[in-house]
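Below, each structure is written out as structure tokens.
Below, chain A partners chain B and then partners chain C, in two separate complexes.
The block that comes next holds the complex of A and B.
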């Protein structure tokens, strides 16, 4: 699992890759953590790009849930984008797509979250 | 054609990735459809980690986990066997709250929910001191959908 950061205006894009499973979820969560503090009302927004992620299990969803919970408490905005079909299926089954905004493409996510 | 795999699973999270890879490789070399391989991968992750993390009393010294996988032309089946505390994840795991807001969602039960949604059939029984959880996929079935399974 890797997480690479880049910035597009006020949107911080965190591009994840690999598997987010019991072996890697904790590292994923720790990698997300430093980026969350600046994601608040009037501050940056975060898009977690998942096009390079081919597998997410329940612990990966929990890591995203914790990140989203923290950002929402700060009145910031966070979304996921560009999920592979199998990952999107896990999101859909878990109904995560209804509580954590999910966009089909990175461009759509960045466009929506750009202040 | 019929093939089987019997595997002793070390009760340690550090070995989980290797165990998953072994089971999925068996499915791959058995040429089962990709949707089943992917569901199997996730199911192994969720089921085995639940057993390792929650299935045993801390002082149990003879922890034992195994799986038996088999495939025919019609069905791929895998049974996870452990000698931990009696526990039927299909009926006793907490029901994840999928409707409430993000902030209010209870933790737990999500892994079992995913497994149940991604298999075609599942069953549990307790016999001779072992939990036995069996997951099955019909190889030529129309892919199961969540809507059919959840009734949503």
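The block that comes next holds the complex of A and C.
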């Protein structure tokens, strides 16, 4: 599992890759953590790009939930984007699409969070 | 061994409403449009081919299960509102004159798991014996309080059956009705206990009202061990994973996603989604079942050598042979 950062205006794009499961979720969570502090009202927004992630389990989804919870408490904005079809299915089945904004493409997510 | 579900709904009995019947009737009439049925068998065949929710219901009674064993004595799990119909069926089968012995394993003492007892007909009949087992210290007081005025007009002293209470200890296996029964402490307000029941070369695990903190790997491994190679696990899948880790965190229940993950790790053969959320109608539970089967399929290759996990959604009246 890797997390690569790049910036598009006020949006920090964090591109994840590999599997996010019980073996990698803790590392994923720790990798997200340093980026969360700057994600607040009037500050940066975060898009977690998942096009390189081929599997996510419950513990991986929980890591996203913890990041979202922290960002929301800071009145910041966070979303996920560009999920592979199977990951998108897991997102829907787990109903995470009801608690974390998800976009089909990275451009759509960046466009929305730049606004 | 066979397991019969007499109540599968969580938290509160949930009667079906007229609007639900209407919704089912509409769906069936649409599906039957233009068809001619030559006899009753053709009608049944048509109904069997429809989505479960249209011609059936998951039911609305709160938890009560019957574990059928070779023993002439009866083994039950929980005394939810489903116990009323179970007790009636037992009376119909054995009659009031032939004393029966009922062993009842209580997961915990929340009302939805207790409320069927005052309406359990065998409790009123002399010659019957009801032995209630559990790990909570106040189990007898809870049952007696439920039958006291003003809660209910028939006090314990008026019950005809002989009623006994026996304390169990988590992790200690005891023999009940010919089965080896092992309780396990679960995460739930006031504690709850799951039961691993082994008899006749089959293993059944009843694990209702149990929250799983997915970040707690040691606790997760404990449940993998508890479920190990079970033929059937009845699992509290009341919430979606999203709800279980957000709004309803610490509410004491779990999700279909975690059920699949634990059962696949443990090499379980069948998973029964249980303790259905009262706000879900039959169509919604059908969708959850379909989604859960898909999640199992997505993860199927994660544990080579383990059996393919069959996923079902428990409904009132379902019997599963193990």
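Here is the rule we go by: the second predicted complex is superposed on the first by the 114 of 115 C-alpha atoms of A that agree within 3 Å, B and C clash if a C-alpha of one lies under 4 Å from a C-alpha of the other, contacts with A are read in each partner's own complex, and residues count from 1 in each chain.
Criterion: contacts are C-beta pairs under 8 Å (C-beta built on N, C-alpha and C of every residue); 3 or more make two chains touch, one makes a residue touch a chain.
Please read these numbers as outputs of a predicted model, since none were measured by experiment.
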Partner chain in contact with A:72 - chain B first, chain C second, else both or neither: first
Contacts of A:99 with chain B and chain C, given as first, second, both or neither: both
Contacts of A:27 with chain B and chain C, given as first, second, both or neither: neither
First (chain B), second (chain C), both or neither touched by A:108: neither
Chain B versus chain C as contact partner of A:62, first or second or both or neither: both
Residues of chain A at both interfaces, chain B in one complex, chain C in the other: 22, 55, 57-59, 61-62, 65, 69, 86, 89-90, 92-95, 99
Interfacial residue positions of chain A with respect to chain C in the complex: 22, 55, 57-59, 61-62, 65, 69, 86, 89-90, 92-99
Residues on chain B engaged by chain A in the complex (per definition of touch): 13, 16-17, 38, 41-42, 45-46, 49, 96, 98-99, 101-103, 105, 107, 110-111, 113-114, 117-118, 146
In the complex, chain A residues that touch chain B: 21-23, 55, 57-59, 61-62, 65, 68-69, 72-73, 86, 89-90, 92-95, 99-100
Chain A partner contacts - residues on chain C that touch it in the complex: 214-215, 217, 240-243, 245-246, 255-258, 261, 291-292, 294-295, 298-299
